[in-house]
Structures are given as C-alpha cells and as structure tokens.
C-alpha cells in the first residue's frame, strides 16, 4: 500500500519559476526513501509540501489516504512528522520535557498518558536523564534527538528527516543515523532529505532531484553507482564505487576486488 | 550580557516554593493594594508592614542580598522622588533651614566637588551613600563658605510634610518591589507563566486570548538565552572586521549599531519563520484547545496564604476608613 | 612572528553561574606564512574558543597569546596597554554563519566595510573588493547585488571575501563548508587551497569533515574537552590509537585502504593522499 502519493505536483513562489515541476512519487508503508539533490534543487520545498506547510500550485498529495487540503491538513499531520535542519529553531519547549510534550498537548493527549509517553520516548532516544535540561545546555545532536522523541511521542507513521544531520558533528550524525535505521526496522516509514551519500546507503530507494525535477527514482543499489546521474545533481559517488567505476573504465577485470568494493559501499 | 535576565529564579525549598503560582500572583496584588491603602500619617502601620515583609523574607529563606540587588536599579528613582519632595514640597511646619550663599567662588567650589564625585564614583562601592555625601558636601559649602562677592542668597528649608511624604513614597516602592522580587525569585518562569495565564482567564470575556499570550511568553522565555548568545556572536563577528564597540565617533557609532541590528533582525525573522513551521508541523493550531503537561495544584497552604493576605488588606482598609 | 599560545586557560560563565573550562593549558605555535591547518574536535571541545583567541576577540584567563609580537594577556588588555584592532586586521576570522556579518545593502559595501574600519580609503577598498570577489569564485556583477538575495553558498563566499579584503596574513575559517553540497564544498576548499598556494598565506580551517583533513591539511590540531590533544600531520593522526576515544571519523580514503589490506591483502606501495594517487597505485597493483 502506498502511504504517500504525489501526483503531478508542482510548486512555484513566482510565476514561471517552478521550484518543483511535475513530481510523481509513491512511497510504500515501511519504506525508507532518500531524496538527494544539490543546494537549491527543491528538496526542502518537497518536504514542506508533504507536511502541508506549502500548498502545491498544481497536482495533489495523498498521505495515509488523506488528500491534503486546507481542511484536512491538520488531520494529515497526525500521520507525518518532520525533523528540520536547524536544531535550535525547532525546540519549542523551555525544557526537554516541555518540548516532547508540545506535540502531545496539541493533540490533546490526556496528562497521564502524556507523562507516560514522554518517559518512554525520552528513554528511546537516550535523553531520559536530560528531561529537565534547558535547550541552551544541550548539544545540537541532543536537540535533534529531542526533536525525534517529540515526533515519536506523537506516534506518527512517517518521519521526514530534512537535512537533520547537516549541522551536527560526526558523533551526533552517527547517532541520528542509528535511530533512523532502528525506527525503519520497527516499521516507521522514513524519508531522508540530504546530500550526504552515506545517509542514502541504508535506504531502500533513492530519488534524485535536479532543479525541481526528478531525474531518477530507483532502488538504492542502482542509483548509488550511477555516476552520471549523481554528478548532474552536484553529488559525489561513495569512494569504493568511484574506484569500482575507475577499474571498469580501465578494463581491470578483477572480479574479487569488484564484488568486494560493491559490498563495502553498501555497509556503513 | 547574561545579567540582563530580569527576575531570575533561584532554586530553594521554603514554603514560598511550595505555593501555587496563582496564589503568589493574587497575594502580590492584594498586598500591593494593601500597601497603598496605608494612610500617610500611619507610621505604625508602615512599620508593621515593613516588619511583616522582613518576617516573610526570613521565614521564606529569601536572601536579603538578592532583594537588594532587585532594588538597586530603582535606587535612582527612589532618591530622585525623595530629593524632589524635600526641595519642592512646602507643606506643614518647618523642621530645619539652612541659608545658602551663592557666590562665584562658592559655586565653583561646589562644582569642583560635583566633578570630583563624577570622576571618583566608579571606584566607590556604596554609590548611594557616596551620592548622599556629595549632596551634603554641596550644602555645607554653600552654607558655610561665603568666598568673594555673594550675589544672591537662598534658603534650603525642609518641611515636615516633605520628609513624611518622601519617606512614605520610598517605603511603598521598596515594599512593592521587594514583594515582586520574592515572587520572581521563588517561582520558575514556566510556573509564573502558567499562573499568569490562569489569573488572566477572566480577560477572555474581553476577547483577549490568554492562552496565546501565555504561549508568546513561554517562547520568549525559551529564546532569550539563545538571542543573547547570538547577539554576542554577531558582536564578535563584527569586531573581527574592525568594529571597535568601545570607541568611535558618533557617525561610526551609528554604523556600529546598524552592523549589529541588521543581522539580528534578519536572523530573528528567519528563526521565527522556521519556528512557526516547526510548531505547525507538530500539529499546533493557534487558538485551538490544548491539554497541558503542567497543571497547577491548590494546597491548604495556598488557602492559608490567601486568607492572610486578605486579612492584611482588610486591616489596612479598616485603618484608613475608621481612623 | 605568527601566533604563539603560552599556557593559555579560558573559562566560560555558564547560565547556572558555574564556570566551564573551554581551554586548558594550551601551548601552540602557528607561523605567519605557508601553513595549512585543520582544527577538529567534537562540538563543545573548545575549537571556536581557541580561534577567537587568535585574533584577540577573547583574552586568556591565564597565560598569554603572542599575536605578531603583541602580547595579549589579562593584564595588558585590562590596562589597555595593547591595541587590539590592528591584530584583527592581520588575523582574519570568518564566522560559521555568514548571516552574522552581512548587513549592508550591496555586496560591495559589505566587503569594503572591514577595510574601511582599518583606515583603508574607499577607492582602494573598492579595488580590493573587485579582486577578492573573483578570488572566492564569483564575478564582479555580484558586487551590486544585495547580500540577502544570495544562496547559502554565495553568502558564504561573500563573507569570506569581506575578510580577505582586509588583507590578513592569517585566514581562519570556522566550519566554512558545513551545509554545502559536495560540489559546492569541493569548490570552496579549492578556493582556500588557491589562496594558500598563490599568496602563501597561513590558513586555519575548523571542520568536521575528515576527508578535508586528510586530503588538504599539512597539520592537524585536535581539541578534546578543552585540551589540545594532537598537533601534527594527518597521516600519523589517523594511525593513532586514540582516534576512537576522540570520536573522530576515519577518512574515506584511509578506511578503504585499510579494508583492502585487511580483507583482500592488497598492499599499496605508498599511502595515497588523494583519489588520483589511489587510482594510479591500484592500477599498478591490480594489473
């Protein structure tokens, strides 16, 4: 079943300058899809459309059988959550506890249940001992973990990570990636928006955007190797795959090395 | 920069910390009215009031030093009103008067003293006392010396009423500020906000959305440290480009301030935009009903505190009406 | 000359009124020409505090920093014995977010703001603006545009041009490539490398990207919990046993070389420093 359907979606801020142009994309329940693209390719606009912060100038978006419109958007947001890029600009609460509670308060979850869920999901992202901390005493990675807990507590089926790791240090980045794969294994549909190929490796499918258009949608394995497509969108191949392509070009036929490089690129 | 944060909360565990913020806010209001009800000639009442405040600070384990820090920014206002009363209020019997001799040399001597005060005050810790010394010094110079040609004379007269009113205004201000300081010292900003929201609920009849106001205050509380931090970084970034915030002519000063304000505004706009998106994405709908994680609980202590405050108010009204 | 740290300590006052150590006993020498240094470490390890000492934005709590012969310590700064402004011209510091510094109506006005503060006359400053805008890979048409209508990468370049126009001897960049796509990142790194090569300036880059460290840097500084734990070349850094404790990633290139050696027994003649070297060596070994 397709949990997300985008049918011929376009969006423009100004006439004649489409930021997104004729996007068709279906995402299955439990799938992990990476959206790759250069700076300004429209990938963040895509995430804002999915969460109903922007309205398509053309086409329609269906989330969990709800066609997005002004009337249904609030209902649809109960099914889809998003972690944004800047850890500081999405931390609403005065403390970690208050921030995780924010979404639950909006959903009118009764207080008893709220307390339970906060506790549960703070544990899940290993932030339980920080519940009373204020945001300016947390690192960027910790704030992003709180953001994840806030969405998990709302028990949405889909989570979008919109360049959620780009402002973090390597350790913070690794942790967020670990949570992504763990959540995906538990059945959460995950959409990562990034230009970091290492984030794309673990996903099921990859969508490559260039100047507002989808130039490729395919299984992750085949896109990762597609130098031509990736370079069109300012992206770089993973190093083992670069070597693999080089060996092919030079006609160096060592099957053992080739299959090894291929395996290596798919493990993180 | 960090000292700007007004009304700092200092953790503690006295009964003041266990009270419901609603009680504290309502009691503060009731006691403020009570203080204003004290008639001008009821010295005993005022001293009882001061006694009660000191008692509150002692039982509530609030450090006097903290309260003094809260009062310090108001010292100028206090002294100004007092001096104003002394100089211009001419009601009631004369208490004391001094002749003042104005001559060029006298005025120069007084001016020298004032200049000396201006340049040395930064080295003195008790600024208020030092200011008082300076004032007394000027009066003594004008009163005692008559150097050179005295072209005019005047009189400094202190009337009983002036002293009385000056004293009362000062005391009222001090009590009110002390009470407010006690409130902010003993209440977490989030609780204070919650309490304010609850107390303001009746305003809903005036179509004022109290929940939204509470949300605005809560977000401001959240972002004050972030914004201060950011302002500091922008200052450093511009200092790196040769902006010397300590020096510069007036024209440079304007440019310096612009170089700070423009980035501040632009970053804040972007931030509020992103924050609004993040809030909406998490199902926030302005004006919609929400449940709350933080709920207030009314204890017996709160009833007692409120009753005591009301008794004090009734007491002061009674004194004003009856006596 | 250059910058010399001598047993520098620094503490921050936290929000809870406790003091947090940001620098502990830092001793360090940086030459005024020809160095290409990367500074790495976790968030909060003291990297930014360290570079802010290099142009006297911060004053050591104890110890001293010698910047081009000017001694910066608590006493000298408190008694105003030293002029800080000339130092900031000699050591240019580009902050992480260009939004912190851009404020003028046009890119040109923003670029000449720095030089003018240091007493350069307007005509000369404009000449410099025309030069530096090209150095950072933009053309002159950008000079008349508003800095606020540029893309993230362009803003970053303009903010760097604004510092370059001050003609500093040492250029420091705080996470200049974070948030850029791979092509944008590589292009910007090439700009820095060009500045380093052609003008023989010392460049210091704070980064989280170990590939940058391995491929570009001649020297690496590693900060950890306010201490400077490593000062040396990148090759030795990544063979160091401590690397796991310091929470650093291994550069892709080294990772691949190690893997090939461990799993397939492929030994390369020398340790390649960039992709091209790796390709060529592999070609020789495999054919």
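A, B and C are the chain letters, set down in written order, and residue numbers restart from 1 in every chain.
Basically, a contact is a pair of C-beta atoms (placed from the backbone, for glycine too) under 8 Å apart; a residue touches a chain by one contact, two chains touch by 3 or more.
Everything quoted here is computed from the prediction, not taken from an experiment.
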Category of the chain touch graph - line, ring, star, complete, other: complete
Between the pairs B-C and A-B, the one where more C-beta pairs touch: A-B
Centre distance in Å when chain A and chain C are each reduced to the mean of their C-alpha atoms: 30
Chain B and chain C: spacing of chain centres that average the CA atoms, whole Å: 46
For chain A paired with chain B, centre-to-centre distance based on mean C-alpha positions, whole Å: 49
Two or more partner chains touched - positions in chain A: 134, 136
Chain C: positions in contact with at least two other chains: 15
Touching two or more other chains - residues of chain B: 225, 270
Contact footprint of chain C on chain B as seen in their complex: 2, 225, 233-234, 236-244, 258-259, 262-263, 266-267, 270
For the chain C and chain B complex, residues of the former touching the latter: 13, 15, 52, 55, 57, 84-85, 88-89, 92-93, 95, 99-103, 113-114, 117-118, 148, 162-163, 166
Complex contact set, residues of chain C against chain A: 14-15, 42-44, 151-153, 178-184, 186, 208, 210, 247-249, 252-253, 255-256, 259-260, 263-264, 266, 275, 278-279, 282-283, 286-287
Complex contact set, residues of chain A against chain C: 37-40, 85, 134, 136-137, 139-141, 163, 166-172, 195, 234-236, 238-240, 242-243, 246-247, 250, 252, 254, 256-257, 260, 264
Contact set on chain A toward chain B in their complex: 48, 51, 53, 74, 77-78, 81-82, 84, 86, 88-95, 97-98, 101-111, 114-115, 118, 134-136, 150-151, 154
